[in-house]
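Two complexes come next, and they have one chain in common, chain A, joined by chain B in the first and chain C in the second.
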Partner chain A sequence: MINLALGFARELLGRWGLWVLLGGIFTASQVSFDTTLGDANIGPYLAYVSLWPIALLFRCGWLMQKRRAEGWPLEERLRDPRGYRAPLAEFLALLLLMIGGLLLAGLAVLVPGVQSPTGGASLFPVSLQNSADGGWEFDLGGQVPDGGQMLLTLDWSQIDPPQQALAIRNAEGAEVLATAGEILRWPLQKEEAESGKVQLFAPAGTKLRLFRPLVRLEVPQPGGSDLWLLLLRQTLFFLPLMAILLALARFGQVRASLAAWAVFFFGSLAAYHPPTRLGDAGLGWLAKVFLLLKHSLPNVEGLISNGYRFERYSGTTSTGALVVWLAVGVLALLLACKRRAAR
Partner chain B sequence: MSSSAVLRFEQLVLSRGKKRVAGPLDLSLQAGERGLVTGPNGSGKTTLVLAVAGLIAPGGGKLSTPKRIGLAPQEPEFPLHQSCSFYFRQLLALGSTPASEQAGALKRSLELFQLQEFADRPIGELSRGWRQRLNLARAWLGEPQLLVLDEPQTALDPSGMDSLTNALDALAKSAVLIVAPEGVGCCDLAPLVLDLKSGVPDLNAKAGAQL
Partner chain C sequence: MNPSPSVWLQRCLAIWIALAVAGSLLAGIQPLGQSAGQSAQSWWTARRYQQADADLDLLGLRDLGQQYLHQTGNGTPLHFAIYQIGFAASGPSMNRLPADALDWAKVGAKLAGDSVDKLPAPWEALQTQSHVLVERAFPISADPQDLHVGLRAMEWFLASGGGPNALSRLTSAAYRDFLLLPPSERRTFLLNRMLAESSDESPAQPR
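Our next item is the complex of A and B:
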């Protein structure tokens, strides 16, 4: 099995694959972390690095198509009557190359001259859904990663008699002491972070007002030490996609290069974060279908979040969603190993 | 019919879609036996090969085949950019040959058809005749229980035919099914003839075509 996987990996890499990978990672690390060329942020680096599994996906589709023309299906049927060795070897080869590429991507940041990024924080707008006397309801635009907090600037001028501090609480009774003249930092509770909805209350009758344009969500940026975890999440995102490609091409008997495009589209849909207020109204039927498909998938945006301001959704994937996503991959791999009866 | 038959057809009907191509056919081959299937163009020889290889389902009757089948198709396909040895190692890894025996199996199959000197060359560099030898060596690879050879004499020179005859003679544990059109010189390779026109094996047949 391992020899078969290594042979497939060798074909996947081809003559130039390793050099393309090394050159790509070197360029990506320079472009992303260089203070002149990039913004010393992991997000763009993750975006560049994610091109490797995507390239593997398309290369695998092309190679499977080529192998079909080289008589491999006949040999597989003759030599592997149960039909599991070749798909497992292909999956293993993809896994090895993907992990190898991402390991190189992790090591590239350690090269002298590449500045390992340090964690900071980014601010994101928040919409105020409802405001009543002494109460505010905020929509944060979806799930928030751990460590997120809301920044509220309060207007104390209407309070009579003047006070220096007031307790702000939420519906569950958690409270934070707001001090006059200072920004209130509201650390998101678990439920608030998961739902992306926050409801806060000022003490009754205090006439404490909110500067609405100044409400912000602060999300910590993962630092250089988090890179390995982020790369692992990318691997977990792409593994089921690889299995789906094998299932489509083998069990579904779809042309493998076409299957690679289908999987790319499926993966893009899984990674896409639709605008928060994208309701049904005014959408064409195709957009509605896409939205329906998107919402039927587990929320795995947190695994593949990359690019500028990637920290907003990074790591927001729940354990349940991750398990479902991986289960889809396992199911696809089982299907890929299931040989169709001759007709 | 013997219960220890490696390959057995019983009232086998071959069809492509809804069209019946041949049958009903009866044949039984035991280990060490060779059978020759002949017939004119379009009589279902290749369909029979595909059915034995498990690529198409029979239209009716019973078809019993062993687990390990080696097939030399009429129009072989190869990864032309790969070397013979790399390709064969991949095929051995795909099959059930234990890792410790793979090197020996590779060497034996290449030697049977004098392909040793081409082992490290890309397959694309081989001539038509040498590719046919490679096609046969591929069928022999991994010591299958049943060998199915579709017009094996195609493009072989006298030396290649000698190799094929010797390789067939060296087989003791495998059954061999050879498929060839009428009048093509394969009859000395196998004594048991099944004419797809009649569908009945003729144990005494030895058609007149010469090698």
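Our next item is the complex of A and C:
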């Protein structure tokens, strides 16, 4: 099986694959981390690196279709009556190439001359949903990663007699002391971070106001030292997609290149972050169908979050969702190994 | 003859792909890998911004700063554009005619005002806006509205203590002193504070 896997991997790489990978990673690291050309943000680098598994997905679809046309399935039946060696070898080859590519990508920040991002915090504007007397309700636009907090700039000028500090609380009774002339930092409670909804109350009758345009959400930004973890998450996102491709092409017996496109869009749906308000997407029934489909999938956006502002959703995937996602992959791999009667 | 299950599956996949393409176009679903294209586009915007800076193309800085903010959520280039247009371009060292300097100051102040709710860190832009309006625009235009908006921006800036990244005890203390004054004296307090500030420091130049 190892020989089969290595042969498949060699054919997947082709003559130029390795050079394309090395050149791509070098270019991506330069435009992301170079001291003059890059912007020291890990998100764009992750986005460039994610092209590698996507390319593998399509290349695998093309190669499987080519092999089918060459009569490989018949050969496999003769050589391996139980039918699990070839699909497992193909999966192993994909796994090897993905991990190899991501290992190279992880080494890029260690190259002398590149500027490893140091992390820090990113700020995001927040919309105020409702404002009643002494209370504010915020919509953070979905789940927030651990360590997220809200920054509120308060207007104390209407309070008579003037006050220096007041306690702000939420519906569950958690309190933070706000001081005049300082930004109020509200650490998000577990439920608030999960739901993305926050309701805060000022003491009744105090006329404490909020400078609405200045409300921000602060989210920790991963630095260079977190790159390996982020790359591992990307790998975990793509592995089940590869298994689904194998299942569709082998058990489903459909054209593998068509299956690759279907899996690609399935992955896009899994990575899709729905807009806070449906009106944002200019849609209708189609968006509702996709939203319904999206909500029936485990929440794995946090695995594949990349590009600028990636930290907003990075790491929001729960262990339960990850287990379900990987279980889908295992199931697909089992299906790929199951041989159907020849037609 | 009935089509086989795999033919049915193939048809279903084709329909799914068609729907997904329509979803990408209409429902805002981003295909995998699109963020790589967007990142490359933003990188190119940053290079054009650097060129505009080197060419002293102020309106180019404004447009590209806005574009970069929209693409990446990073507001530093736009804040730098606000500073360059509103404060630096209208300053005495540029030797502009008063009407010309006023125009630039107004453009910078409007840009700052329009960007406050979009910038990730709007507090510095508020400080810049207040200095532009009070120190650059108002002495030429004598328009009370300029003074009012400028002082209001300074009040918001003081209320934030300088923002989370530049929290200053002096700024927080100044806001508490401001609150202790009767409403009729607050404007004068803000004005005096800004005039005292401008004699020894200008708004922090972003970079």
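Following the convention adopted for this analysis, the second predicted complex is superposed on the first by the 333 of 343 C-alpha atoms of A that agree within 3 Å, B and C clash if a C-alpha of one lies under 4 Å from a C-alpha of the other, contacts with A are read in each partner's own complex, and residues count from 1 in each chain.
FYI, a contact is a pair of C-beta atoms (placed from the backbone, for glycine too) under 8 Å apart; a residue touches a chain by one contact, two chains touch by 3 or more.
Keep in mind the model is a prediction, meaning the values are calculated, not measured.
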item	value
Touching partner for A:43 - first (chain B), second (chain C), both, neither	second
Partner chain(s) touched by A:272 [first = chain B, second = chain C, both, neither]	second
Partner chain in contact with A:1 - chain B first, chain C second, else both or neither	first
Partner chain(s) touched by A:162 [first = chain B, second = chain C, both, neither]	second
Chain B versus chain C as contact partner of A:308, first or second or both or neither	second
Greater chain A contact set [chain C / chain B]	C
Contact residues common to both interfaces of chain A (with chain B and with chain C)	343
In the complex with chain A, residue positions of chain C that touch it	4, 6, 9-10, 13-14, 16-17, 19-24, 26-33, 35-36, 38-40, 42-43, 46-47, 71-74, 116-123, 155-156, 158-161, 163-164, 167, 171-176, 178-180, 183, 186
In the complex, chain A residues that touch chain B	1, 3-4, 7, 66-67, 69-71, 74-81, 85-86, 89, 341-343
Residue ranges of chain B touching chain A (in the complex, touch as defined)	53-57, 67-71, 73, 76-80, 86, 89-91, 93-96, 99, 138, 142, 144
Chain A to chain C touching residues, read off their complex	31, 37, 39, 41, 43-44, 47-48, 50-51, 54, 122-125, 151, 153-157, 159, 162, 164, 179-183, 185, 211-214, 216, 218, 248, 252-255, 258-259, 261-262, 264-269, 271-272, 275, 280-284, 286-287, 289-290, 304, 306-310, 343
